[in-house]
Each structure stands twice: as structure tokens, then as C-alpha cells.
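First chain A sits with chain B, and in the next complex the same chain sits with chain C.
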Partner chain A sequence: MKKVIHYINQFFGGIGGEDKADQEPFIREGVIGPGMAVQAALKDAEITHTVVCGDNYMGSNTETAISEILEMLKDKEFDLFIAGPAFQAGRFGVACGNICKAVQKHFGVPALTSMNEENPGVEMFKQDVIIFRGGKGAVKMRQDVKVLTDYANKLLAGDRGGGALAEGYFPRGCRHEKFLEDVRENTAAYRGVQMLIKKMNKQPYQSELVIPAREAIPIAPAIQDMSKAVIAMVTTGGIVPMDNPDRIQSASATRWGKYDISGMDRLESNVFKTIHAGFDPAAANADPNVIVPLDAMRAYEKAGRFGRLHNWFYSTVGTGTTEAEARRMAQEIIPSLVKDGVTAIILGST
Partner chain B sequence: MKLKIGNFPVRDVCLGSENGYKDGVLTVDKAAAIAYLKECDDHITDLDIVIARPGDDTRIVPVIETIEPRCRVDGRTLFPGVTDAVVPAGEGELKALKGCCVTVVGKYYGSFGDGVIDMGGEGAMHTYWSKLINICLVGDTDEEFERHEQQKCNHALRWAGHRLAEYLGNIVRSQAAEEFEEYLFESVSARAARNNGLPNVVLVLQPQSQMEALGYNDLWYGWDLNRFLPTFVSPTEVLDGALISGSFMPASSKWSTYEMQNFPTIKELFAEDGKSLNFVGVILSMLNVALEQKERAAIMVGNMARNLGADYAIVTEEGYGNPDADYVRCQVVLEDLGIPVVGISNECTGRDGFSQPLVTLDSKLNALVSTGNVSELSDLPACATVIGSLEAMNRDGMSGSWGYDEKLGKSARDDGSIIMEDNNWFCGDHISGFSVKTMVEY
Partner chain C sequence: MVKEFEKAGFTIVHMCNLIPVSLTVGANRIVPTISIPYPLGDPNTSTEEQWKLRYHRVGVALDALATDITEQTVFKTRI
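And then the complex of A and B:
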């Protein structure tokens, strides 16, 4: 029998309405209020405990409330955490998102919730937490609980289900491959030609990759005073010392390295090389400056075109490297550049 | 142009002392085949032929190439400009041994573009090849200049594979086929005269051409596609061996020569030709790396499609990563010209699934087919038999495998089990159209 812990607010906890919204969190064994509907729909799982917390308390003391609840859960064994449903209740929705995200991160246990699409909690947490598409108010309790528990039952049985659209939760930008039955109608060739025919005939079709709204990264403002600029070179072109001391991968990189160039006027071949597997390495190995232009930067430095060149360059490999890994590596690299007083970087690609 | 393919179903392959095909059983004179291949190329130092059948508890690695055994009835070479002189392709009669493939395998050494095939168990579902009888050509060469290079031309072994495919095909050259496939590609002006009111559809193929050095890229009549510009070709030329695969590109995103000979998206377009659309041919483009080359190719594809009178297009790329720029750009150019597109390719969303699926995105792409995710992890038990060398996965920089990872260890473990990215399944994402995978939001 799997164990589930349920989270609700003061209203569904039967404490009271707005006047009790400052209620501090507490935990009780068993089910309370909507937990009964959840319990009834769960197969081979029981709600062992219910956490109740006032929406205002969670809203105005979020960090305290979360740490108090995490403390309450510390000695409990559970396989799944369910919050809500929260319907259109904004503060409750945000509370459900906050606590689900924290529980998932802290205990590594999946957390599920449900809200209406107009609940602000959806936009705030849909990437971090599986949020089921719910109704506007408690009159939809039975349906919302059914959708959520149908998925919960699969999840507890080790099945991740058919995906966001099929299961009824908000897409999170998390994409994985799925095998279809091995018949001609499921081949990519057939799917492609049939999709084209539908597109021709103005019939509805479902693109298998919906292009997400773009996150535009603003271009950094220009440097006003180049005479004081400390410039560092960063590359995704895989230039490393010959022995690749940081064992940076040739593709799908997860590691990066920083290498001392103080006193060097150029990167010598046979001292540095590229380990990047996504392009023909011949030119870069013969002259690593074509990827990390130390020679040109030194010439500019000597000519007084900028303050000084930073003594280290940073390197990783861009080919096949995921956006998420690239973002993480940047977040690791940038603080050390800032600490060293670097005011600008030249990011070289290949 | 009319291409007729006489099919000979192969239900089993036996190695024996003479060549023959009878009642679906192909018998291969192994010693004679090996002697022939060695005679053709003195760079080959070691060669063996091993059969792997569907369901066998067998892992094949590093796989370099797969090819369908065929012959040309009129004696013209099977792969013009590759196995012999440059001669016309796309017309005439072929004979094909169906249900099997020549699988070229490095005996010891692999390279960036080489992959893995599992014939049985859970790994079998990852490639189309596990459904075929794999006639594995396992060898080594004296190509010392590239022995320890991550990028290898693998010239001697790849050419041996193409020659073996033709050698095997010739076994049935004088026999009568059981069934035929026929592909008729009428000239564009003949189609215009027919005026059947159906929309014209062009297929844009973007085969691999990223290596600046020659010898690694796909070839068109033996011509390296890095030195190529978009060209209007007949789909029957593609099906008839004018296009062969190269040695570059992570394995799961590759189109092998077998896939080019049987290009599923071409066959599906022929199936609809004259019914729901007019298939007006193939624009063969490429995937060169410089931005200017990408832009030039996209412009030329767009104009060629206009001038062919294409109303709609399908675009498909042999690759992921850098080539996504060509794949996306080409679709945007076509959409801007008023030629709506369907795109077919794989994605790279990372092991957690949260990364951007293509290197560049554009909201004009509104009809995409996704054939898989290069970054899923496969963790599979040992197989009883290994054809080739598991160690290549740890040592040779095969895409999607590694020799060291602080969390996951090495790809080929000492007990024979493996852990790797889907990247390393040979043609695993079957972008050519065999794929029965899609991508789902979880």
C-alpha cells in the first residue's frame, strides 16, 4: 500500500473562511474534507496524513510556512504528495504550487495539484509541478479529483502515463520520446505525408512539436569606457590543453574548464587543441587562435584598445549540448568572472 | 523515369560453399565473397561475414553502415560513382533481396558516426535493423592515418559493404522475382498537361554534408555533398543508389544507404501521387556549416520549389544540432514564399526533457513530425553475443557513448551491459521515415 500526504487550506480543512486565513500549518493523521474524495479514487494507496495551512499565512510567510511544513513531513514516509484541488482560488493555488515545488525538491517525491487555468498559480508553477487542468469552483471537485487521481494511480504503479495532453495537465516544456505501435500508419513517413494532406485541405492536424513562445535574451548594453574594460574569452569551441584535464566531453557536454593564458601571446598548436566533435578539427588544431583569438586580443591589448585581457579563458563544447546544460554552465562560470572583475566577455562559437 | 524493383523475400541467410537463392533462403559462399572484397581493396586486412537474425541475443557495435543487397538487371553498377563508373540511375530494373541488409561493422575500432544495433531484448525496438537479417561484414583495415581519429572516413569498409550488397544482389540476377514495386516519375511538364487539379508537392532532402574535408559526407553519384548546391532530382534516382550515406553525424540521426534506397517518405509520397497530390520530385539540398552556405541553400531551395510550381513541401534533415539551422531556415523561406511545409526530424530535449528541442525555432513552423529524442538514456543488459567490439563505445568517441562519467560510469561496462544516449542507436531516430517514435509533453 502506497502512502500519500494531502495538502489543503483552512477553508477545505474546515477551520473557517477568510477570518481563519492566518492559520499556521498543522498536520493530522488521515483524511480531512476533500481528502475523502481523493482517498476514494486512489487504488492501492492511502492518505496517511493531511496538512492544513491558512492561505494568508502561506502567502505572507511563504518561506517560514514551507520550512514548517517540510519539518512536519521530515519523519513521514510517503510516495506521493497531492495539494488541492485549488480551482480558481488564487492564494490557495499559489500555496499549492509553492508547497508542491518544495516537497518535490526536498524529498524527491512527486507532487501533484489541480487548478483552473485562470488561477495565477498555473503560470507561476506549471514548469515545476504537474498541475491538472481544473474547474472554476468546488462544484467540479469530483471531476477534478478523478483526473488527478487517474494519473496518480498510474504514477504510483510506475507508469508515467500518456503525457500532458492525454492526462489533462498543463504542458511543462518537458518532452520525451514515445514508441507507437509498429504499423505503417505510425511511421514518421506516413504521419508526415498525411499531416501535409490535412494541411492542404485545411483540416485540423496536431503538430508533434508546438513551437513554444520565445524567451528573448536582451543584448547587453555597449561598454562606455573601453579603456577600463577587462575582457575574458569564453568558447563553446572545445579548446583545451592537450590532455583535456577537465575531461570535457566531445559532444553533449556537461563539463567546462578554465585555462591560464597569462604571459602567452597566442595559443600554440600542440599545447592546445579542440576536442569538439561537431566540426572538422584540422584548422583549430593547427591554430587554436581561430577559435579562441588570443593573438588578436593581445594585439588589441597592446594597442590600448581595451583595459586588459583576463588571465583565464573558459571552454566547453557546444555540439549536442542541451540548452539546460548550457544555462547551468553559464551560471557556474559567470560568478567567477564577476568575482575576478571581468566587465565583458567575448563568447566564441565555431 | 520508371524504376522497377523485383523483390526476393529472404527468410534466412546461410553461409555455405556456393552462392544461391531458393525458396527464400539465401546461401552465400563466404570464402568467395571475402576473397572478392579483399581483391577489390588491398587496404582491407581482416574480414569476416557473420549472420545476426531478428530475436537473437546479439549486440552489434560499432555499426558503420547498412545497405540493401541489390543488383541492376542491365549490369550497370548499383552505386554509380562509388562501386564503379558514373552511370545514370533512376530508371530501369533492379532486383532486391528483401528482409535483410548488409551491416558494416568495425572489428575493433569505431568512430563518431557509428552506432549500436540490438537484435533481441528491449534494445531491439530502438532500430528498424532488428527486424531484418543482418549480414554483418566485420572488418579491419590498414587505414592507419585515422585509426585513433574520432572522425573516420571508413572508406575501405564502407566501400566493401556497398560491393558486398551488389555481390549478393547478383546472386538473383537471372532469377524471376516474386513481386515487383514500380515507381513512375513523370516529367514536370507532363504533369502540368495532366492538370488534375491536385496540389504539387516537392520533397526537400537535406543529406549530411557538414565535414569540410572530403571523404566523410554523403555522396551523390560519387560527388561529395559538401561541394554541392541544391539540385532538382528524380525520387527514383534516390531509390536507385545515386545517393549513399557518409560516416559523419551521430548515429541515431543518420540516414544509412539502406534508408536512402528505401526512403519511406518518398514511398509514401508515391503512394499518394495522383490521388491526393502530385509528387513533383525531390530538391536535394545539403547541410553545410557556414551561415552563408545555409542561407544560399535555403534561397535556392525556395526558388527551385517556386519554379517547379510546388504548392506544398516536406522538408527533412539528416541530422540534429547545427543542421537544425538549415532545417528551420528552409521551412521558413518556403512558408514565406507561400509554400506551406511539413517538417520531419528528431529532437534534442536533454535527459530531463526540458531543453529546447531544436537549435533554432521559428513560430512559422506549424506542422512538424518528431521522430525521437537523441538524449534519452538507454541502460540495457549484456547480450550473449557481441559482433564487433563493445570497447569502441568507451574508447572511440562514438556519439552518445563515453569512457568516463562521474555518475553513470563508462558506456560499455565490464559485464557487457551498456548505458548510452539514444544518439548511439544506429539510425535509431529513423528520420528517413521508418521511425514509429514521436515526442510527447510529459
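And then the complex of A and C:
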């Protein structure tokens, strides 16, 4: 029998409504409230514990609340964590996203939740957590629980299911390998040509590599006074000191480095090199400035074309690197830029 | 990464060779480079030519940072 832990808010936990939303988290053995519906739909699994936390407590003391809950869970054995369903309840949805993300990361146990597409928790967590498409309110409880538990039952039986669309959760932008029967119609060539024929005949076809809709970023304003601009250089071309001190991976990078260039007029060969595995490194190793143009930037700096160059450049490898990792690495770099008053960035990609 | 930096308020220019990728991902200020292995200096040309190209294109990038735009813009390079 597999073990499941369930998370709900003060309302579904039967504590009270808004007046009890400051409720600190607590854990009880067994099921509470909607946990009964979840329990009834689970095969070969039982909800051993339920965590209840007030939405405002989670919202206003997120880090504390998460660490308190993780503390409660650390001596529990469980195979799956389920939060919600949260429907369109915004704070509850965000709470479900937060706790699912933390539980997955901390315990390596899969976490599932369900929300309505309008719930802000979807946009915030759909890349990190499997979030099932849910209804607007608790009247959809039975339906939302069924979709989630259908998948939970598969997952607990060791089956990862057929992906976001088939299972009914928001796409996370993950791809999984799947082996098809060894027949001609399954070869990539055949599938690709069939798709092309449909496309040429203006018939509907389904790409196997759906590029998620892009989030447009508002254009940052132009630098008004370049004489005051502090500019930083960032590269995804894998330029690092010879010993690659941060052990940045040559492909599918998850790490980045920050390298001091104060007092340097150019990046010297044999001091810096590239560890990028996606291209012939000869040119960049012979002259790293072809990727991180420190020499040109110094020339412009000396000529007064802009205020000053930030004393470090930042490097990672952009081949096979997922958007989620890229986003995280940028977020990790930002504080260092802010600290030095950087106003503009030149980001070079290879 | 470009988008994440821009979202955080930094004025940013993306110097890259694969312009369609940059446009699809959503960079707003883009300056083309000449290749993937050597974005800013072709090793088959003289050091002086490489320097001219690099100096020019970095100059275009600096101009891009100081230019107000209303849509995704690929800035023109001469060398």
C-alpha cells in the first residue's frame, strides 16, 4: 500500500473561513474534508496524513510556513504528495504550488495539484509542478479529484502516463523519451513526411515538438545617458578560466560562473577558453574576445562611449540548456548586477 | 536569460547569430553576429579585420542600448 500526504487550507480543513486564514500549519493522521474524495479514488494507496495551513499564513510567511511543513514531513514516509484541488481560489492555489514545489525538491517525492486556469498559481508554478486543469469552484470537486487521482494511480503504479494533454495537466515544457513499435509508420522520417504533406495540403496536423506560447517582455527603455551607464557582459558561449573553476557543464548547463575582468584590456588565450560542446572551440580558444568582446568594450569605455564596464562577466553554456534552467541562472545572476548598479547588459549567444 | 534580465528592468541587447531563435524566444534588441563558433571575428581573416568587425558590431550594440524601440528590433550592421 502506497502512502500519500494531502495538503489543504483552513477552509477545506474545516477550521473556518477568512477569520481563520492565519492558521499556522498542523498535521493530522488520516483524511480531512476533500481528502475523503481523494482517498476513495486512490487504488492501492492511502492518505496517511493531512496537512492543514491557513492561506494567509502561507501567503504572508511563505518561507516560514514551508519550512514548518517540511519539518512536519521529514519523519514521514510517503510516495506522493497531493495538494488541493484549489479551483479558482488564488491564495490556496499559490499555496498549493509553493508547497508542492518545496516537497518535490526537498524529498524527491512527486507532488500533484489541481487548479482552474485563471488561478495565478498556474502561471507561477506550471513549469515546476504538475497542475491539473480544474474547475472554477468546489462544485467541480468530484471531477477534478478524478482527473488528478487517475494520474496519481498510474504514477504510483510506475507509469508516467501519456503527457500533459492526455492526462489533463498544464504543459510543463518537459519532453520524455518513448519507444514506439518498430514499424515503418513509426519512423521519424515517415512521421515527418506525413506531417509535411498535411501542412502542404493545408490540413490540420500536430507537431511533435510544440513550442509553448511565448511570454512577451515589455521593452526596457533606452539608456538616456550613456555616460552614466554601467554595462555588464553575459555569455552563453562557455568562456571560462582555463581550469573551469565552477565546473560548468559543456552542454545542458545548470551552472554559471562570474569572472573578474578588472584591469584586463582583453581576454587572453590560455587564460580563458571555451568549454561549450556545441561548436568547434578553436577560434574562441585562440581569441576568447570573439565571444566575450572585452577588448572592444574597453576601447569604447576609454573613449567615453559609456560610463563603465562592470568588473565581472558571467558565463554559462547555452546548448541543450532548458529555458527553466536559463531563467533560474539569470535570476541568480541579477543580485550581483544590482549590487554594482549595472543598468545595461550585452548578452552574447553562440 | 535575455528575457529574464529585461523583465528585471535591465536594458539588454542580444548579440547572436541565430536571429530567428532570438526573435521567437522574445529578445527585444538584437544585433547579429557572424557565426556560432566565432560570433565577433572570423579567424580566416586578419586580426585587423576581426578587430574592425568586432569594434563595429559592439558599437551597434551600444547604440541599440541607447535607442528607444517600440517592437522587437534587429539592428543593422555594416561590417
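The criterion applied here is as follows: the second predicted complex is superposed on the first by the 211 of 350 C-alpha atoms of A that agree within 3 Å, B and C clash if a C-alpha of one lies under 4 Å from a C-alpha of the other, contacts with A are read in each partner's own complex, and residues count from 1 in each chain.
Everything that follows uses one rule, which is that a contact is a pair of C-beta atoms (placed from the backbone, for glycine too) under 8 Å apart; a residue touches a chain by one contact, two chains touch by 3 or more.
Just so we're clear, the structure is a prediction, and the values are computed from it rather than from any experiment.
**Q** A:Ala299 in the overlay: touching chain B, chain C, both, or neither? Say first, second, both or neither.
**A** In the superposition, A:Ala299 contacts chain C only.
**Q** Check the residue A:Tyr205 against both partner chains and state whether it touches chain B (first), chain C (second), both, or neither.
**A** So A:Tyr205 only meets chain B here.
**Q** Taking the superposition as given, does A:His176 touch the first partner, chain B, the second, chain C, both, or neither?
**A** First partner only.
**Q** Quick check for you: in the superposed arrangement, does A:Leu347 touch first (chain B), second (chain C), both or neither?
**A** In the superposition, A:Leu347 touches chain C alone.
**Q** Is A:Ala216 contacted by the first partner chain B, the second partner chain C, both or neither?
**A** Only chain C; A:Ala216 stays clear of chain B.
**Q** Output check: A:Ser252 vs chain B and chain C. Expected answer is one of first, second, both, neither. What do you get?
**A** It touches chain B, and chain C stays clear.
**Q** Just chain B (first), just chain C (second), both, or neither: which does A:Ile291 touch?
**A** In the superposed model, A:Ile291 contacts chain C only, not chain B.
**Q** Contacts for A:Ala277 in the overlay, against chain B (first) and chain C (second): which applies, first, second, both or neither?
**A** first
**Q** With both complexes overlaid on chain A, does A:Gly192 touch chain B (first), chain C (second), both or neither?
**A** In the superposition, A:Gly192 touches chain B alone.
**Q** Which chain A residues come up in both lists, the one for chain B and the one for chain C?
**A** 211, 214, 278-282, 323
**Q** Touching residues of chain A toward chain B in the complex: what are they?
**A** 127, 160-166, 171-183, 186-193, 195-197, 199-200, 205, 207-209, 211-212, 214, 247, 249-252, 277-282, 319-320, 322-325
**Q** Mind pulling up the chain C residues that touch chain A in the complex?
**A** Within the complex, chain C contacts chain A at residues 1-18, 22, 24-26, 28-29, 33, 36-43, 50-51, 54-55, 57-59, 61-62, 65-71.
**Q** Over in the complex, which chain B residues touch chain A? Could you list them?
**A** Touch list, chain B to chain A: 112, 125, 150-151, 199, 201, 210-213, 250, 264-265, 267-269, 271-272, 276-277, 289, 311-312, 314, 316, 320-322, 340, 342, 344, 347-358, 361-363, 365-376, 397, 399-400, 402, 404, 421-423, 430-442.
**Q** Sort out for me which residues of chain A touch chain C in the complex.
**A** The touching residues are 211, 214-224, 226, 229, 231, 234, 236-237, 278-284, 286-287, 289-291, 293, 295-297, 299-300, 305-306, 323, 326-327, 329-331, 333-334, 337, 342-350.
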